[in-house]
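Heads up, the next two complexes both have subunit A, just with different partners, subunit B and then subunit C.
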Partner chain A sequence: MSFYFAQLLTGLANASSLFLISCGLSIIFGVTRIVNFAHGSFYMIGAYVAYSTITTLDFGILGFWGGVIFASIVVGLVGLLVEVTILRRIYHAPELFQLVATFGLVLIIQDLTLAIWGPQDYLGPRAPGLDRAVRIFGEPIPEYDLALIVIGPLVLAAIWVLFHRTRWGVLVRAATQDREMIGALGVNQAWLFSAAFMLGAFLAGLGGALQVPRESVNLQMDLSVIGQAFVVVVIGGMGSVTGAFVAAVLISVLNAFAVLLFPQISLVLPFLVMAVVLIVRPYGLFGKPGSGHGPAAEPEQPMRLMSKGEAGLLAVFVALLALSPLFAANYTMVLLIDLLVATLFAVSLHFLMGVGGMVSFGHAAYFGLGAYAAALGVKFLGLGMIPAMILGPIAGGLGALLFGWFCVRLSGVYLAMLTLAAAQILWGVTFQWQEFTGGDDGILGVWPASWAKSNQAYFYVAFVLCLGGIWLLQRVAHSPFGYTLRGGRDSAIRAEAIGINLKRHQWMGFTLAGAVAGLAGVVFAFSKGSVFPDTLAISKSVDGLVMVLLGGIHSLAGPILGAGVFVLIEDWVTKLEFWRFIFGVIILVVVLAAPDGVAGGVSRLRGLFSRRTKDGEAAQ
Partner chain B sequence: MLEVSNLTASYGGASILNGISLEVRNDQVVALLGRNGAGKSTTMKSIMGLVRQKSGSVKYDGVEVMGRESYLICRTGLGYVPEDRRVFTDLTVEENLEVGRRDARDDAPVWTIERLYELFPNLKERRRNLGKQLSGGEQQMLTIARTLMGNPKTILLDEPSEGIAPVIVEQMARVIAQLKSEGLSILLSEQNLHFARLVCDRACIIEKGQVRYDGTFADLDANPDISSQYLAV
Partner chain C sequence: MINRRDIFAGLAAVSMLAGAGTAMAQDSIVIGEINSYTGLPAFTVPYKKGWELAVEEINAAGGINGQMLEIISRDDTGDPATAIRIAEEMISKENAVMLFGTFLSNIGLAVSDFAKQNEVLFLASEPLTDAIVWSSGNKYTYRLRPSTHMQAAMLAERAAELDAVKWATIAPNYAYGQDAVKAFKSELLKLRPDVEFVEEQWPPVFDIDAGSAVRALEAAKPDAIYNVTFGGDLAKFVREGSLRFLFEDRSVVSLLTGEPEYLEPLGDETPSGWIVTGYPGADIDTPEHNAFVEAYRAKWDEDPKTGSIVGYNSILSIKAMLEKAGSTDTEAMLAAMEGLEVAESPTGPFVYRAADHQSTMGAYVGNTELVDGAPKMVDWVYADGAEFLPSEEEAAKLRPAE
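This part shows the complex of A and B:
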């Protein structure tokens, strides 16, 4: 019995940590509607700054708590800087832009942290005065855990007082419900948003700083924590601080006991809880659907078929690609295969987002499922290349069929978060299930059949499969099914009012996009000869989003261009030191300067050019 | 004085306002009449800076406010009461009023929570209740009271009689009369000609985003074809 009580206390201590990390994210989302991917980065900075301050100023108890507060304030100021310089410009942009921009920040902060603190892990000092264990019912409980159990509810109470007893807090709660209306009542939203963002960042920093005595400070902290924080926020209801607390307790306590039965469940459990909660309450325990108020969005332009000229250009390009093995170097062939894979992946994501109107933050799940299905087929069933390749799209499709059923029940950011959770579940499974998936070591020896061994031969395999996949999705986008999806994207209510079962169509679209992503996954797996869990990781999903964003979401050619630009930039940038920083800056520049993507930029340039020539002709 | 000239606005691709010109002089209550979809609400939202695609001019006391952010437009002394009320449902009545509170102005009547409770006694009884627990009529009172907390000189009142019980409509009429006597000028959008006639000095009829009539109710009554053409359902 006493053992279970100790387990409960551990769970509650973890809940406090988790709550501190998540509540700021929830506040930021509630007020600004931005899903802040960089929240984990704020947490990480908090931990690093606290570590440095505490170890430099060795003042005992005062030094420790002073360091924690100092770190939180530093992170709050970093948050303020980020809000004022970057986020303020993209509040009206679609979720995709905001997510990608904050992911750009993740990359930048990662490299800045690396530059300042170096690559090594730091083991933080114990909290002075709380560095022992006390015996409760005979079980040793770390004093620091008990302190955390107290700090979590204290912070919750402080936030409650701030939100209910101050004018600022009342304004924040009003803004959470209807931002536009508080503007019409004379409240300067910009100031309110900055302050809310700063508070959120401060809390993330506090969460990170308080974690220093419990675990090592390292460069992986940011992404390892962000998935969990998202889950807590979604379960609790986005924007609800109380919800975040309840969700953190729910997850952590369940986890403390579940690990006794299944030691490997930790990584997956939060996402399972989330799936269950969202089925019962689609907007989380304490959440509500967002208000419908806001500026009306520009309607999407209808998608056109290509003009003769464009089709001709495309044909020339495809022909060049088909002949490239005759003249291109080996390295170029590898790059071209990467390009084909990336393009197919981006096109499948664009189909989901641009045509289906469903923003996915976890599309890598289906890419990875395809890759792993093929690799597992080779490893356990001894399949050849072709049969293993057939498994890929089937696995991707089945995975999307399963997760899509949950996802299409939601819309907007909620749908996006659920797709992310689905991807994280799969990532957790592949990472943990060492015997089956090889865990972190991945699966090696996934080589093409002997006839396709050369880069040139495999290029043709990739060429046929990827172009086939792209062609299929373009056809579907212009089929009646594609019209239905686009109709639902532009107005779900109207589509349903004319008798379309929109959810079912979206589900089918989701599945199709998943199957095609799975196809991209198998082509990828055989081109590399191996599969690792990072094929399903967050960063892979974001790669896809960046490609779609680079190309511009409004055209079918967008993802093709975007993937091309992405692969070329990646190939160039990853050779450099601090490439994450450079890449992050590129992302931010694109989001801030060219919100309609490279394709949009090209067409604007073309518009400018044709006007110039017309002016020139008129002058003559 | 509020002067709107040649205001156009569109949502997405559809143009809603096609050059609205009207004015609300100090101490006047002007009715903005028109059928559903004529552009009454959009006129008010455009004046308040809540519609982004627009052109023309909106001057308040001689100062151009067109293109300003809505919180700055509000701070010039223009208050906005939305048609769909937009009460903060998770905030109490008193918290809703707090959101609207702004410093007193020299040139406009000063409102305090106590004065507003005198004007709307129901709200006082329900001051600890959440916005979502109020009836439609109470929400309508709250949304007006919330705007008055900003001590405006002019208010844009969008269809205050819509969807509330007749007895409360009468109360609304009394409130509007009192606001006028306090020295507020009001632009009141209405579909209910009877209600508008009760409280307004002038009528401004719009259709398809353009002003079709601007004058007194007496002149309007003298030309029954105008109201039958633009108002009759």
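This part shows the complex of A and C:
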């Protein structure tokens, strides 16, 4: 019995630290609707600053807690700086666009941390006065664990008082429920958002600083924590701090007991819990459906077919691409193949997000399924290139058919999170199932047939398949099916009212996007010769997301431009030292200069130009 | 009429012409190097310092066969697909004659498969996976660092001398951890058929819930523990384990923990008496190693780490190979690699086995200890890699038929 009690305490201590890490994320999302990928980076800065302060000012107990508070304040100020200089300028951008900016921040902070603190890990000192274990019912329990078990609920209580007993807190809660309304009532939203973002960053810093006595401070901290923080926030209900606490307890305690029976489960447990919770309660445990009032954005323009001039330009471009093997160097072919694959992947994600209105954080799952289906076909069935290639879209489509059935029941960020959970579970399976998928060692020897071996020949394979896929999706976007999807995206209620079975249409749209992503995965697999679990990892999904949003979600050309910009800049910039910093800065510049994406920026430029010429004509 | 084949033939000719312009009149040997410099800087930065030192020394002494050595180094961003693209660029655009590097096993495997497909020599410096020379081995790939299997076997030999019968294992849940546990189990059971494994913990890599894992190990009451976690996971495991008295009166054998990259961050919490593989650094007192340490300190103002020695020995291997081959033709270089002997290195002589392309470079096995407040390896011996590899005939059977 005492053993299980001690195990419970271990779980609760973890729950406290998980809660501290995630509650700031929940507050930021609740108020500003920003999906903040940089939250893990704030956490990492908190840990590094606390480590440096505590070790330089060797003041014992006072020095330790002083260092923790100091680090949290520093991170809060960093958050304020980020909000005022960057995010404040792009609140009116399309939904989720801000996450591109936070993605740029992640890259910048990674390189800055490396430059300031160097590559080595640091193991901070234990907390003075709390550096031993006490025996409870004969079992050793670290004193610091007990302290954490107290600190977590204390912070929760402090946030509760702040939110329920101060005017500021009342406004924050009001903003969480209906931002439009409090804006209409004359509340200064800019100030409210800045303060909420600063509070969220402060809490992330606190979470990081309090981890110093438990684990080494290292450069992987940011990414290792961000996935878990999202899971906690989503299970609890986005915007609900109490929910985050309950979710943290649920995951940590479950994990503490689950490892006794299934030592391998930790990898997927949080995502399993998230999937189950979202299927049962679509808005998380404590979440409420939003008011339906999105940010004040311009109404979306209907998509138009291209004009003659544009179609001509496109034809020239495609012809140029088709002839490129005649004049381009060998390596350019490789880059173009990568570009085609990225473009098809981004277009399939855009079909889901832009046309279907279903945001996916886990689209790489179907890309990876396609790649693995082809690779497994080659490895176990000894298939040739063409038959193996046929397997890819089928696998991607089937996977999307299965997961899509669950996902389309939700909407908004919750839908996105369920796609993420699905992708993570698939990733966990490929990562662990060494006998079948090769695990982390992947599947090798997936090379093209001998006639397509040269880069030039394979380029034509990729050219035909990728352009075919892109053409297909553009056709579908302008078909009755596409119109139905767009109608459902813009007003689900009206679509249902005129007798459309929206869920079924969305489900089919999801499946089609998955199948095309699978096609991209197949082309990818044969161009690289090997497939690894990275193909369905979060980072791959995020790359696709950034391409779509960066390009401009409201335009069919957006994902194509986005993928082009992303792949070419990445290829160029990674040759430089501190490339992550440079890449991050470029992303921020693009984000600030074109809050409606590259495509939006281009069409605004054109609008400006044509207005000028019209004005000129009028004057004459 | 022009058919497809003509077009491709024409294309090939054009691209060859494009390549030929830059390939002419080279007075240096260009070699491509790929590694995870942003992904895992703690290991790859010392590694880079090691190979940069070796290149500088070789070029200062007049190069190889009268030609200077030129290394083009790139970051693989931790992604196998990017690594392949860079490899392609190095071969077709920069005219690199061979490739070396990589740290992560999956990237090492991806590049080795690329090398096979494109018929170019690849020296995998750092990846530990057994697959790269055995189950997925190929004609074009050689590996320098002692593999997972070799290092696990070194530890199993020591573990067999302990009285412990009940063993528990903890390893990160991916290919490396799984291989390391499998190899250790089979080697230990060969030497000690009486031992039993009573518990396994598989935390996710870089995301260990150390408290729960420690308690699960404790609950099994093992006599000894075999640890494979490293980096941040190791620090967490050590701290939570010592807080909860997991290591009291228990033997621990631990893979790679003696490497300064992983040992030094443990600071004054370094557990005493763990049996580990690693690298005792400046404590190695041989003329070759002393010269290396002196040069390394002079250039970088710090002590070498495991990565440094791997980087340095990579270039020594390439130098020996180029001198033996006498040309940068791939077939000549491959012939030279077979059974290549590197007679002098800071860690002693080693050979690239012809049968499985694994070098016999060894590792140091010893105990961890705090000496004057600093973590160190003590009572260490050099374990020659050759003694912990299967015989060449057996190893050849582990490889796919060419």
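We adopt the following convention: the second predicted complex is superposed on the first by the 570 of 620 C-alpha atoms of A that agree within 3 Å, B and C clash if a C-alpha of one lies under 4 Å from a C-alpha of the other, contacts with A are read in each partner's own complex, and residues count from 1 in each chain.
In this text, a residue touches a chain if its C-beta (ideal position, glycine included) is under 8 Å from a C-beta of that chain, and two chains touch if they have at least 3 such contacts.
Please read these numbers as outputs of a predicted model, since none were measured by experiment.
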When the two structures are overlaid on chain A, which partner does A:G138 contact: first (subunit B), second (subunit C), both, or neither?
-> neither
Report for A:P480: first if it touches subunit B alone, second if subunit C alone, otherwise both or neither.
-> neither
Comparison of subunit B and subunit C by subunit A residues contacted | C
Return first, second, both or neither, reflecting whether A:G382 touches subunit B, subunit C, both chains, or no partner chain.
-> neither
First, second, both or neither for A:E180, with subunit B first and subunit C second = first
Look at A:G499 in the shared chain and tell me whether it touches subunit B only, subunit C only, both, or neither; answer first, second, both or neither.
-> neither
Answer with first, second, both or neither: which of subunit B and subunit C does A:N188 touch in the superposed model?
-> first
The intersection of the subunit A residues contacting subunit B with those contacting subunit C is none
Of subunit A, residues touching subunit B in the complex = 167, 170-171, 173-174, 176-178, 180-189, 288, 293, 295-299
As the complex stands, subunit C meets subunit A at residues 8, 10-12, 14-15, 18-19, 38, 41-42, 45, 74-75, 77, 79-82, 84-85, 88-89, 92-93, 105-106, 109-110, 112-114, 117, 129, 131, 136, 173-176, 178, 199-204, 206-207, 209-213, 215-216, 219, 231-232, 235-236, 239-240, 243-245, 261, 264-267, 269
Spell out the part of subunit A that touches subunit C in their complex, as residue ranges.
-> 3, 6-7, 10-11, 13-14, 110-111, 114, 119-123, 126, 132-133, 140, 142, 145, 214-216, 218-221, 224, 228, 252, 255-256, 259-260, 263-264, 266-267, 325-327, 329-331, 334-335, 338, 431-432, 434, 438-442, 444-445, 447, 454-457, 524, 528-530, 532, 534-535, 539, 571, 574-575, 579-580
Report the residues of subunit B in contact with subunit A in the complex, numbered from low to high.
-> 11-13, 48, 50-52, 69-71, 74-75, 80, 82, 86, 88-91, 95-96, 98-102, 146-147, 150
